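In structure tokens below, several structures.
Heads up, the next two complexes both have chain A, just with different partners, chain B and then chain C.
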Partner chain A sequence: MMELTRAEGTPAIDWESLAARQDARRARKNALLTGVFGAVGLATVLLVFALVAIIAYKGAGTISWEFLTQPPREGMSAGGVGPMILGSLLLMLGAFVMATPLGVFGGVCLAEYGERSRLMRLMHASVAALAGTPPIVYGLFGLAIFVLKFQFGVSLLAGWCTLTLFCVPAIVLTTEAALKTVPAALIDGGLALGLSRWQTLWRIALPYALPGILTGIILSLGRAVGEATPVLFTASVYYTTAEMTLGWDTLRQPVANLPYYLAEGYRQPGVVPERLIWGACLTLIALTLLLNAGAILIRSRMRRRYL
Partner chain B sequence: MTTVMATSTQKTAIETIDLTVSYGGKPALKGVSVAFPENAVTALIGPSGCGKSTLLRALNRMNDRIPDAETRGKVILNGQDIYDRRMNLTRLRREVGMVFQKPNPFPMSIFENVALGPRLHYGLRGRALQEVVEDALRKAALWDEVKDDLHKSGLALSGGQQQRLCIARMLAVQPRILLMDEPCSALDPISTQKIEELIIELGKRYTVIVVTHNLQQAARISHYTGFLMYGEVIEWGETAELFARPKRPETEDYIRGRFG
Partner chain C sequence: MLTIVAVFYYLFAESQYAFQRKFPFGFRVALQPPESEYRDEISMDPTASLLATHREGTDELDDSEDVTRLPSHEELMQMQALVTATAQTSDPDQLRTDALFRDCMRAPKRAEQGERFLLLAFALPNYAGETMELAWEPDVSFDPEYCPYELRLRLVRAPNGVKVEPFEIDLRRQPKGRITLPVWKAQTQDEWLQGYLFELEARPTTSTTWATLQQYLKPDWAPTILYARFGMLPLLLATLLITCLSVGLGMPLGLAAAVYLSEQASPRIREWFKPILEILAAIPTVVLGYFGVMLIAPALQRLFGEALQLSSGRGLLATALMMTVFILPTIISLSEDALRAVPNSLREGAEALGLTLAERVRLVLLPAAKSGLIAAGLLAIARVMGETMIVWILSGGTPTMPDFSSPAGALGTLVKPTRGIPDTIAIEMGNVEFESPHYGHLFLLGLTLFVLTLGINLLGFAYRKRAQVSL
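Here is the complex of A and B:
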């Protein structure tokens, strides 16, 4: 192969060997960083898998139709966690119904008016702080306000209100973030077509942002369903042997739920057998994983439709 | 300041009176008074930053979208100043449609893209809506290519088809004035040719105002041409005349390719 000659007047330096040295350095650095990132990434994934695998291993033997549907028997030492599952689902359903409109409207408000108004910037900062507030704080707030002040008592209703507060900040933030991903060109297109600001939001921006918004809602519910502390003082009952009955009274009564059952059951060794705890643990993690899977499914389905 | 008219015989569709637009205090358009003749294609040409897009966007108040934009002067449409406080933006944009540099179909089906406007503006539904959609797609020279795929995503189309979809979307609202901001600059030559033919066709029935940085394009598609520089109108007249015998040295330099 013929070497290309360099332009006349190029400084007399051994360019080739200098470049070769730099290339070798770069290659070493690349290899090192690839190794480090790969190893750390793999460790993270393995950790998660190990967690799920251990719980699945310990809990799988307990899972049965009876365990999932029957109430505890014989002073909590036998039977199942039916009322706890039902209670957790009820708590989540109520929080979903109440937190979704609040969170989505809040997010729309911040996305629409956020940049120009000082008040809105302050609100954004507050919501972000709330989203990072430890759940126990929500639990105590719910106790003070809903249980005592509003005299809801320790009840499903107080639990709904507390969990709603817990979920709203995350939904506001994800809604706002999802709306901010809507390309300005689409908004321009809507406005140029003579659509009003709200029509543009409703017809173009919200549908575009919907997968992101739904994902945010589901993930925040998944987090809520696994938290014991917001419902600890507001909605929970531990010792349930009765099968739950649903009716208007249910609203004013406390409910059993999985995270509280786990926390209390574990604190009282010898009362609840370990296999039941592991079973409940697996049930709870399966529930949250299911919600996450649902979120991913919804997102990919919707994205595929028109994007 | 006297209004620049292309010809004295032509009826005016929309005109600006001493129009000044500034972005953050910096004027992008300086006291421009021009009249756009009805049912003809007018091209706006000039070097980058000359204010041609600003002028275009002033005609349907899309500059309102830019936070620090400030507009002074008037734009008269149907005897009314569109910058009047009482002006209804929805009505304005129903009369004055716009397509953008980059095709921006909505993430919905082809049918829905075109149907959205007539549904919201006129409450059309069912058979009547379908007819309006078909008519708009035919006028945009897209019907034959998409008639069997109306339920498919507008984003699945090629770039040129997307731009024609955006034109159909605009036409379905039944505007009288069409604004096009460099509608071919993101397209390949064959798509560009199709859009150019379409513009010529539309110019027979609509008032079309096209911003372009492509001088040959301006010469091919327009009846009238406005040449802008530094936010001012340098020359304005019949396209053939302006290209053959420019009156101002700046125009001549620009169209001979000495700068730009």
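Here is the complex of A and C:
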């Protein structure tokens, strides 16, 4: 065998130290990048805390029992946001009642029959696309169909219908995803015990998937309650100084609500003082955080029961 | 799927009102001495005639309209020496001396119909000049570019005994100009009708539908002025720019956080992190908008305010920054899902080869999760495009064409007020007359947004499916 010879003058390559140098460089790069990943993750958390903390700090002074329950006074420049809170809750409640059965039913259909036919696959794609459709498009659609076509007028009813449309696709998707996590063994076990398909679904799959479904519903309601645009043209009124009374008439009347109050308060600068704006911001955030906390609580409790 | 069809159908049905629009136009025409002080600004000439179709015009002759009837010969002699006059009729044979007006305003027509105006021009005996000039210019706020007609000004008839070459001017090419004419004097009121007779003709070139669509792609959005303009290009570009900036900024950040979550963080941290992300995702966008107005906009104002003479920090950059905050939780949780879907065997294999974490991410995880990550980006794009409240509150509300021809222009584009598609719908729908062309155009904007986001969402869905299949 021929011996490998080096050309005259080339220094010997010290493989060991070259590898060590390379390793050191790789380690440095790795440390840098992992540091960056961690820092960004940490920054995101800090951002959330900062946002909530600043709004809480600015708004805390405004919050009082009077602010939360009284209607605005003196041409919106004083008083509280009672009717707005009530309106937001009403809108959310109606959307919850209407969207939940529709969404869960749709999710069950998709999970059961989702991959079977081309039509169902198309359905699935449409639901996914609708879930990403901008709220303003739902607002326009609600205006065209509920307010004008069905003659609901700008009213609580039209707002409910629009919000329901807005919420359903998201609920369908989370329900479907939750049902997909049900272990096949459980389903097969149910079927093997002689349960019908329907019983398996009702008694085994749905209870197992319930935390996921509930989380989905609550999160999409949380989104709906904070979103001004679907109700902008369909259910909202800005200037209210009257106490809100509940009755059948309420259905056909527009309602004040927190997001619209904030949006319009911005459009007409100088009417609503900054103090009230921050207060309303804080109230709205508190409302959505409460919903979120509920979702988290439900999830952790239910999970414990099953695992 | 039914809902998609329904949404599409109704948005489309309502946007038909956009296609019922009519196309107003207006020109001021004056006869004036060659050395007139109004040479450059004839719109200031009080004797100019306005030939226009717009919403203040009517089809019928109506004395109560604020169209000025032409005074008598003697009265005119005391006021001016050169006169232009119009009639309601478009037929040269039906001109009557006692039915002449200073201006002629008619109701706008559909693009297929066109319009003709007649204009008489003559000098009075007290005019001393050697020649006179016919001058014309577009009415205030009228831009011939926004008119689907072929606009022509032509000489129909010269007075007896005056030799002039017949001419015809394309007003779209030459919206403003003068032409010198030999003087012709009307000695009595009865001779008025024998003066120069001009015609302004708007000849249809295209159908209303086509014209509406063409206008829709022009760079000027001014729906409330007399000669309304519905060009959505600045709105579309602003929306796209905001989307590019915020997703361009949010995607690397979100990806880094997602890598941290799925690869580095302990299960305990992850358990804490998810709810916090959900909280961020749940903060209402109105609140985010306010946050931007009270904190980010003033900061930008301090940075650039003096150099660029900004009245506030509201604008594209402020909007895009807040939009990044808005989209971050979506990107993080979707990318994390995509990364976690990568099978552990790949991770372990890469680790067994001695790759460091950074190398594992770059060489193994990112390529394996590519489809899912693209899906995450696409969904983020669709959400940002349609987000309304942040743009409404932070954009500043002035439709502006982006200008990237120079660095200064680009910086100005970034920090100056702008306006996107969703906030335009939200702002203007509040005070629009139902079923008017403006209303129709807002639905047309909604339809545009819907089609765009629908396409992006479907693409995102396809990528997500592919991610599930390939892993």
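By definition in this document, the second predicted complex is superposed on the first by the 276 of 307 C-alpha atoms of A that agree within 3 Å, B and C clash if a C-alpha of one lies under 4 Å from a C-alpha of the other, contacts with A are read in each partner's own complex, and residues count from 1 in each chain.
Note that in this section a contact is a pair of C-beta atoms (placed from the backbone, for glycine too) under 8 Å apart; a residue touches a chain by one contact, two chains touch by 3 or more.
Since this is a predicted model, take the numbers as computed values, not measurements.
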Query = Of the two partner chains, chain B (first) and chain C (second), which one does A:51 touch, if any: first, second, both, or neither?
reply = second
Message = By the touch definition at the top of the document, which applies to A:12: first (chain B), second (chain C), both, or neither?
response = neither
Task = State whether A:190 touches chain B only (first), chain C only (second), both chains, or neither.
result = first
Inquiry  = Applying the document's definition of touch, where does A:233 land relative to chain B and chain C: first, second, both, or neither?
reply    = second
Query = In the superposed arrangement, does chain B or chain C reach more residues of chain A?
reply = C
Partner chain(s) touched by A:199 [first = chain B, second = chain C, both, neither] = first
Task = Pick one for A:207: touches chain B only (first), chain C only (second), both, or neither.
result = first
Note = On chain A, the footprints of chain B and chain C overlap at residues none
Query = Quick one: in the complex, what on chain A touches chain B?
reply = 116, 183, 185-186, 188-196, 199, 203-204, 207-208, 305-307
Note = chain C residues touching chain A in their complex are 1, 3-4, 6-7, 10-11, 13-14, 253, 256-257, 259-261, 263-265, 273, 275-291, 293-295, 325, 328, 332, 356-359, 361, 379, 382-383, 385-389, 392-393, 422, 425-427, 429-430, 434, 442-443, 446, 449-450, 453-454, 456-458, 460-462, 464
Message = Touching residues of chain A toward chain C in the complex: what are they?
response = 26-27, 29-30, 32-34, 36-38, 40-41, 44-45, 47-48, 51-52, 54-55, 122-141, 143-145, 148-149, 165, 169, 219, 222-223, 225-229, 232-233, 259, 262-263, 266-267, 274, 277-278, 281, 284-285, 288-289, 291-292, 295-296
Chain B - residues contacting chain A, complex = 60, 62, 65, 67, 89-94, 97-98, 100, 102, 104-109, 116-117, 120-121, 153-155, 166, 169-170, 173
